[in-house]
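You will see two complexes here that share subunit A, one where it goes with subunit B and one where it goes with subunit C.
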Partner chain A sequence: MSTAAPPQKAAPHRERTGGRLSNGAFALLLTAPGLALFATIIIYPLVSALFTGFFKQDLRLPGREFVGLDNFTYWLDGDFLTILKQTLVFTVGATIVPFVVGFALALALNSGLKGSGFLRGLFLFPWVIPGVVVSFLWMWIFNANYGVLNGILMKAGIIEESVSWLGQPGTAMLAVIVTKTWASFPWMMVMLLAGLQTVPKELHEAASMDGAGSIRRFFAVTWPQVRGVASIVLLLEFIWNFQHFDTIYVLTGGGPAGATETFATAVYQTAFKGFDIGRATALGGLWMLLLLVLVAVYLRITERKGDAR
Partner chain B sequence: MTTTTSTPLSGTDRLRTSAPPARHARRRRMRKDLLRSRIVAWTAVLVIGAFGMLPVYWLLATALSSPEQTFQFPPKLIPTDITFSNFTALAENDQLITYLVNSLIVASITAVLSVVVATYMGYSFSKFRYRGRRSLMHLVLASQMFPQALLLVTLYAVFSSFGLLNTYTALVLSFTTFTMPLCVWMLKGIFDTIPDALLEAASIDGASRWRTLHSIVAPLAAPGMIAAGLFAFVRGWNDFIFAVTLADKEKQTLPPGLVSTYIGEFQTAWPELMAASLVVSVPVVVAFMFLQRYLVGGMTAGSVKS
Partner chain C sequence: MTTSGISRRGALRMFGIGALGVAGAGVLGACAPSGASTSSNGGDTKSKDFDFTSWSLNEEAAKPSIEKIIAAWEKSENSKIRAVSYPYNEYLSQLTLKLGGGETTGAVHLDIAWLAAVAQMGKLADLGSAAMKGGYTNVALDSGMYDGKQYGLPWNTGSIGVIANSKLLEKAGIKKHPTTVEEFEDALRELKGLGGGVVPYAAATKVAQLKDIFPWMQTFGCTLLEENKVTIGDDASIDAVTWYKKLHDEKLIAADVDRFDARALFGQGKAAFYDDAIIGKGVTAAQSKDKTLADAMQPMKRPVLRAGDTPQALLWGGVIAVVKGKGQDAATEFALHTTSDRATTTEYFAARALPPSTTAGLADPKVAQDTFTTEWTEKITDTATGSPFWQFARNAQIEEAVAKQVQAVLVGKSKPKEAMKKAAEEVTDLIKR
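Right, the complex of A and B next:
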């Protein structure tokens, strides 16, 4: 958790003499370079994206034509619900599964195992390496012809012939979620472990003296203490997954037959393969609307916790 | 601490031997409970460890195998003839060297730019109170949650109209969209830990506000600034979506470079790709060894990973 500032802080330079600017003006001046960058590379492009959704515009050509809501109805009458559903399947799957795995590992590492510091470092590897490397590795594991997963499952007699994990609609989404889980659970583990370490040991000892079993202790002692961290971790991961691109794009490109198409891949493909940036930004606008709700919830929660002060 | 508590504890232990049988039963149960939770803990570590580490093993094993060996089915789980030829092949590939150099340049410039800009902004957020501050902070926090794929569409158009496509500038600026918010939040957290009294003392001694920031605060915050820079470097190094879209072969970085080199071929050269993947991962892993201490702070402050 970031170090929270003390509740109310007197401006340190209020009594300054000599400076010609007031403190407020000085503080704003400090933010100026950052704000200028922000305005040009984030705010302006995003705002202009919201407008582009109302035009017919080709990425490669100058000029555009106002078409009203055409681009929006194109999606709403078409693939919007399918894409929304698939985005949600991916997002929920790639949030819940790593959370469970990461939490289980955090609990295990927190129970006083020897070498848990070393293990924590080791387990971070899947999270720190570049997303494309994660994709390459799992692409190779899932490979239909020479992949190690098929090899092991066949030796164990679980499958009889090779499965094209990424090549068929039935398994592609599952494979993508497994891949993303591998890359995300270490982060969940570290965050939850940090939360668990704030739980006073005495509480556990007292509870177990009173005869509470380990499951009872988990719900009565541990969970109330880590609930805050858990909700932030879940929400952040949900927001990130809702707009996740790399893993899906490299593994499947949204295929096969659109089975792993999410907002991120659909917007990208429409803009950079179909060159139709009117339609791409229209879908992006709908997407952002949904994201804004999530971000608002996130800001509220961090606000309440005092982190965003 | 343990030595002081051990004496009274062993005293109670002695008492316990003469305690009623219910106490005995409870102690025994607690011990059994502890043993059981140990077993559960180790099982969890082993199962999750297998899921987490076997792919890493496979990455290494494939990188050290000959191409012929990887085109066998079922695959050999333990490679028999180990070779480093996949790594030497990378060093001889000029295009990959270009990607590597691009990655180093772009990620470094991004890190420096982000830290410099974020230092002023983070300091302003941390040490001053003024109207609009909270809204600005929320804006920075929320900005990293906007969808990159959408931002990219119009960013592409903007860069295109300024003739900036396929330049380092475009890559640095686009990476800054996600590294700057991260650095601002990390550095704000670091400035929060510097006591206000220090700034007041500097001010009483007659140091100007600029001087206070540059000669007193910045040196104190230097480790944090380096950590923020490393985080930014790693994020830039790992980026795929911006680099693959905004630059071509000459200016592209390693992640999209590897995709265009290896993926989509008729038969992917898996051992070479795995070797290349290891090489790309090395700087990141090294950076994180230094970042251990800042890990949790950096992770939330910046909402590091997308």
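Right, the complex of A and C next:
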């Protein structure tokens, strides 16, 4: 009779053997330099800045005084809601408008339009120009007294007197959104075009054979296929616009009379024009809390997409 | 499906966390305290090489003359000067940050309105002994003093006043400069009647230069500050802003105008009046296609509320200060030479129409016989006063706080009374902070 030897159990994973590092410890060792750098250039300034929000401190002068929540209540009792509203108006406008323009162009370029390769390159042009340059160009276009836009509109007989596009609360935000749209739509167009090019032609052909018209095909075939890309593009653009600074600062500096003031311009003005670093960091802290919400939404969406797969 | 142990979901999550980290750092990292100190900015004070920071090096009309002064100094002293510049409207904040961070050394060009704010940082050298050698006028020396110490050697001393375009006035049938606010308004309406996009008075309406409202407030009787009590918000200041709003609504002044826009409009022959320092003649005429414009530019007494009142004007000028530390000695000599050497100041005057600040320089025939300069001194500088807010470190913020409230009135977001009340509260808070 033979006795079969019982199968041997796999040896338990040993954390440390003969001076060798475990996988976890080895991974930690590899990431340590990166973590140290992250802690130095991200975590330290972040915590330091959050801490500064509780002090009265002038950027130019040494010393500071603990003021508790004063800097936070200064904003919450003051302009916080106005700034939040204006930031949202800019963010929504500068996200939706370029999305619509970019999507329309992506659809046109994907339809096999003649010269679409050239047009794709042409439409990318605004994207490669630095944001500050774009803003200066548009500042001259919108200039109330010698701007191109007023010149064209007056010659066309649409307006009789020059309009102060950047000097009136009603039009200033519009002008800022138009400028940001010009700079942003190419990126959205490229991303959406990439999404559109992954839609199998067979689906369109099958839908056509079933009698679907172009609108029906768009909603039944195209949109479901690109919805994922579109949602990511929209959310990322929303987050970026929520922090956007250069276009607004160059065009209006947050004016007229604070009509285009967003978190980015308000923090800058308070810190680097008013040198009031305590109040600036307090507003920065509140702004970051709102950004956290947006990033949580982003993570939730990407998680859902992951689950769906 | 995963590859290399990282799922797509994980990668996206990491991307999101990374975005948050970068966003958080961008938002708050920029606000981290600078650790400003009141010591020297370091380096060898005996070094022959130093920096010279000036906003004028950023302006086409001024750059060649200053570069010439720098080149001459470098040649004679066998040294190297590094020229640094920021646009005027960004100058104070940029300079403050660089100075606080220890990055600015050498000689620094300052508007006299900024001297107190910069001197309070404790980085500037006392130039008292150098000032004794310059032969400066007393008024000029005062403009470079703060808290009893001579922090700046006066380069140019003048004022900000109203400049008129005599050609446009003639075209509108205006025979003499208006002397009262009422006459001024009538003249503006006549000029508006010329059509062709003429802006009768290219007054500042952008925040950057809306501090120009102060002399108008004083014209209407507001003192701005009395023994540390802010008087903005009184009836006179409300009347001044109400009047400014009236000019705006009647399109006698234009929206969206700062000093640079005003110079452009005036240079195009589209503005009949605008506010500028004496420097304006050189800058505006240089950028105009009309080569006869310089002859048509006339300094004008600011109209008064009632005949017999004193015309209001704001003192204006530039000083050269020196940062403690690297190249301090050579920079002090350079500042002294640039601001007081007779040949240098006279040549600078010839190029830029900026009168010198020394008794000898002012007596030079080229300066003394210049009609525009003489008229400017008689009509504007003679009654000019400094702003009572210059003594405060937060002067720039005070000016901006008032400017924002005035702009709110102009664009219809606020009423003059409530805007001036709010301005007074903000200015009071800024003085106390």
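Heads up, the rule we're going with is that the second predicted complex is superposed on the first by the 265 of 309 C-alpha atoms of A that agree within 3 Å, B and C clash if a C-alpha of one lies under 4 Å from a C-alpha of the other, contacts with A are read in each partner's own complex, and residues count from 1 in each chain.
Rule of thumb we're sticking to: contacts are C-beta pairs under 8 Å (C-beta built on N, C-alpha and C of every residue); 3 or more make two chains touch, one makes a residue touch a chain.
Since the structure is predicted, the reported quantities are computational estimates derived from the model, not experimental observations.
When the shared chain is aligned, subunit C comes close enough to touch A:275, but subunit B does not. When the two structures are aligned on the shared chain, A:299 is found in touch with subunit B and with subunit C. In the superposition on chain A, A:48 makes contact with both subunit B and subunit C. In the superposition on chain A, contact of A:176 is made with neither subunit B nor subunit C.
Applying the stated contact rule after C-alpha superposition, one finds that A:257 touches subunit C and leaves subunit B untouched. By the touch criterion defined above, A:287 reaches both subunit B and subunit C. Looking at the shared chain after the overlay, A:132 reaches subunit B, while subunit C stays out of its contact range.
When the two complexes are overlaid on their common chain A, residue A:140 makes contact with subunit B while staying clear of subunit C.
Among subunit B and subunit C, the chain that touches a larger number of residues in subunit A is B. By the document's definition of touching, of the two partners only subunit B reaches A:214; subunit C does not.
Residues 38, 41-42, 45-46, 48-49, 52, 59, 143, 145-146, 162, 236, 239, 243, 263, 267, 271-272, 277, 280-281, 284-285, 287-288, 291, 295, 298-299, 302, 307 of subunit A contact both subunit B in one complex and subunit C in the other. Of all residues in subunit C, only 7-9, 12-13, 16-17, 19-38, 93, 96-97, 100, 117, 120-121, 197, 199, 205-208, 251, 254-257, 261, 264-265, 268, 270, 393-394, 396-397, 400, 404, 407-408, 410-414, 433 touch subunit A in the complex they form.
By the touch criterion given at the top, residues 38, 41-42, 45-46, 48-50, 52, 56-62, 64, 143-146, 161-162, 164, 166-169, 236, 239, 243, 253, 255-259, 263, 267, 271-277, 280-281, 284-285, 287-288, 291-292, 295, 298-299, 302-303, 305-307, 309 of subunit A touch subunit C in their complex.
For subunit B in complex with subunit A, the touching residues are 26, 29-30, 33, 36-38, 40-42, 44-45, 48-49, 51-53, 55-56, 58-59, 62, 70-75, 77, 116-118, 120-121, 123-134, 136-143, 145-158, 173-174, 176-177, 180, 184-186, 188-190, 192-193, 196, 199-200, 203, 206, 208-209, 212, 234, 237-238, 240-241, 245, 254-256, 258-259, 262-263, 270, 273-274, 277, 280-281, 284-285, 288-289, 292, 295-297, 299-301, 303-306.
Partner subunit B is touched in their complex by these residues of subunit A: 1-5, 9-13, 15-16, 18-19, 23-24, 26-28, 30-31, 33-35, 37-38, 41-46, 48-49, 52, 59, 101, 104-105, 107-109, 111, 113, 119, 121-133, 136-141, 143, 145-148, 150-152, 154-155, 162, 182, 184-187, 190-191, 194, 208, 211, 213-214, 232, 236, 239-240, 243-246, 249-250, 263-265, 267-268, 271-272, 277, 280-281, 284-285, 287-288, 291, 294-295, 298-299, 302, 307-308.
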